[in-house]
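Dumping the structure here so I can ask a few things about it.
Lettered A, B, C, D, E and F in written order, each chain numbered from 1.
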Amino acid sequence: VIRLTRAYRFCASHRLHSASLSEAANREVYGKCNNPYGHGHNYQLEVTVAGPVDAASGKVVDVPRLDGLVESSVLRHFDHQDLNAVPEFAELVPTSENLVMVIEQRLRQAWFAGAGPRLENVRLHETRRNRFDLRL
Amino acid sequence: VIRLTRAYRFCASHRLHSASLSEAANREVYGKCNNPYGHGHNYQLEVTVAGPVDAASGKVVDVPRLDGLVESSVLRHFDHQDLNAVPEFAELVPTSENLVMVIEQRLRQAWFAGAGPRLENVRLHETRRNRFDLRL
Amino acid sequence: VIRLTRAYRFCASHRLHSASLSEAANREVYGKCNNPYGHGHNYQLEVTVAGPVDAASGKVVDVPRLDGLVESSVLRHFDHQDLNAVPEFAELVPTSENLVMVIEQRLRQAWFAGAGPRLENVRLHETRRNRFDLRL
Amino acid sequence: VIRLTRAYRFCASHRLHSASLSEAANREVYGKCNNPYGHGHNYQLEVTVAGPVDAASGKVVDVPRLDGLVESSVLRHFDHQDLNAVPEFAELVPTSENLVMVIEQRLRQAWFAGAGPRLENVRLHETRRNRFDLRL
Amino acid sequence: VIRLTRAYRFCASHRLHSASLSEAANREVYGKCNNPYGHGHNYQLEVTVAGPVDAASGKVVDVPRLDGLVESSVLRHFDHQDLNAVPEFAELVPTSENLVMVIEQRLRQAWFAGAGPRLENVRLHETRRNRFDLRL
Amino acid sequence: VIRLTRAYRFCASHRLHSASLSEAANREVYGKCNNPYGHGHNYQLEVTVAGPVDAASGKVVDVPRLDGLVESSVLRHFDHQDLNAVPEFAELVPTSENLVMVIEQRLRQAWFAGAGPRLENVRLHETRRNRFDLRL
């Protein structure tokens, strides 16, 4: 089994505010990220695919197909957008923890049918100091 | 003369839309960046200071003082904010070109009086692929 | 389960010399690192925390609390210090292998009581070419 | 158990072309990489070694010995070379998937006899966007 | 005047061999790079454009137009190619010094007519350790 | 004229303490860096060489010769050392400003005689946030 990890980038804004918390609790929990005007990040997304190597092609996955899947299910909807306007975040706070779970759901629903490689890990870098992993 | 370049980071959102352009021209000029909900970036700011080295301390500038100046004149107002809500951008499009000019003005107005080091260059990285320099 | 990895930096000096080895063996085992005057590194520390995402806040851990814990138990004692003067290294050689174990002990002793997230991995980058992991 | 990951670099060229595929299939599967004149990469190789820490030296492995092993079994044969001319690729397509498997075989055959540390993972970065892992 | 520097990448192979040097001199001057089978690099190209900021758009250059110019004059011909097969290198050794001069010529010939921004610097990173600048 | 910038690394420790300042002033000016036990850094040194490209070799400088010059005049004396023990720092505080000046003097004294390339800039990265330039 070989694992291929491929990196993607998208730029988006968000505001962290939870409807289930008071105004004061929102300010305490999210600090500067609760600012009503929002702020933004250059996110880096890393998708890890695991599987056997095809004997004829020497590849674990067709990279253009993987790119198309990530583009159509995630990047097109998130890049240069306000995350709070993405449907899943109508009631969910767009923290990076929730964001990596939403991305994993979208990738899983769009994933290759049949005998293709397995989606093994979704990693999201929010800044140079924080990254989030969801291992399947 | 020695040059010290010190790096700072801030996260902010913005929307690119020029009041002096038609809707169609805005979409053509700014593309995805014209999306009404905005998007965001992890900006990296590099401030270059030039001057002689002080014989007693062996330093070109007192770094905590420089940090305080950059924090109070720029970072506090821009980090985790929507750039469109910063006063200078009430009528000015917050492109990185305009942003680096606004930052330079703020730094210059707050700069050390007297015989201190000179502000020589302001560099702004918008993404890993684009950086903007204003040389004084 | 989501994993958050957060990066910290500290600068420290050390000298590698083992009391249980002869002078000749010290020179052979540690090479340039055995130089009696010591040398130093910009270390990067990555702390990985794993746990469920809190439904109200959308977070796996309160990052300012994590930062405070790492600061008070590790960074305050190691940053801009000589590692050989840290208590644990009175008789232990401050190799990065031993350093990552000492850091893990300090983090574990200071760790959040109760139902908080789990400390899962401690990673230490000594240089761009060498990193050390201790998985719990 | 401590894991040490050490990074190496080598520059090499290759052409992706599979004898078991038609000309048309080769162009479709490999795209630009099927260009008959080849192209090249700055590869980064990361070797992860796992084991207990030696009580006397405080080390998991003797790094100069590890470097010698990687140099003599891999780097000397691959750096500044055309991968298609390396014996293993006489009939095998030098994709990064196959390359990481060939490197792992070479490292395993040259590995330390006896009670030394275990080879745990071989990672190959082809570009900044693609990396490949073979976990043992 | 604002300077925008935009980064591009291309992967290519080359062999260093000068027709005006003897075989022995070629081996001495180019070392491993003279290997007849060639080797390759992930090159990073940085194009610096200088000019006034347009009052209406807040931009120094239209980035999609710049990207199109760099793509059609340079990247399309060099990416995933053997540099020795590029016309300019029929008799010229494809060192990075010569490569940066060839790229600058191609950019200059394709440059925006009229009142557009000025091409100010072309920078080529061959590896993480070597970069080459041609300032206009 | 082409500029080649080549990067080198060295690890060293230092303590910042000026004999011409009082104890209190030392603590105020240098903060944590005045700690008597010292601390250390992974320094990155970038040497920029400028000159015409040799028509036969297509090169601006012979890189192995440049490497030998930097190794014998700087790296051998600074790598894995305590900077305070380097002769120039017997009475000079080893700030990065003074360090880049000492390195430039050593390079200039060892520089190629005759018609070789010119030493144009010496850059020293102390950490990811601070870099120092001495332009000749």
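Here, a contact is a pair of C-beta atoms (placed from the backbone, for glycine too) under 8 Å apart; a residue touches a chain by one contact, two chains touch by 3 or more.
None of these values were measured; they are calculated from a predicted model.
Undergrad: Check A-B, C-F or A-C against B-E and flag the pair whose interface repeats it, over half of the contact pairs matching by residue number.
TA: A-C
Undergrad: If you take the mean of the Cα atoms for each chain, which one ends up farthest from chain E?
TA: Result for max centroid distance from chain E is chain C.
Undergrad: Between chain B and chain F, what is the gap in Å from one C-alpha centre to the other?
TA: Spacing between the chain centres: roughly 29 Å.
Undergrad: With chain centres defined as C-alpha means, what is the inter-centre distance between chain B and chain D in Å?
TA: 42
Undergrad: Please work out the Cα centroid separation of chain D and chain F, and write it as a whole number of Å.
TA: 34
Undergrad: Which residues of chain A are in contact with two or more other chains?
TA: As it turns out, chain A has residues touching two or more other chains at 128.
Undergrad: How are the chains arranged in terms of who touches whom: line, ring, star, complete or other?
TA: It is other, because the touches fit no line, ring, star or complete pattern.
Undergrad: Across the complex, what residues on chain F touch chain E?
TA: Within the complex, chain F touches chain E at residues 1-7, 53, 55-60, 62-64.
Undergrad: Where on chain E does chain D make contact in their complex?
TA: Within the complex, chain E contacts chain D at residues 9, 11-14, 32-33, 35, 37-42, 79-82, 84-85, 127-128.
Undergrad: Per the contact definition, I'd like the list of chain D residues that touch chain A in the complex.
TA: That would be residues 16, 18, 20-21, 29-31, 92-98, 100-101, 128-135 of chain D.
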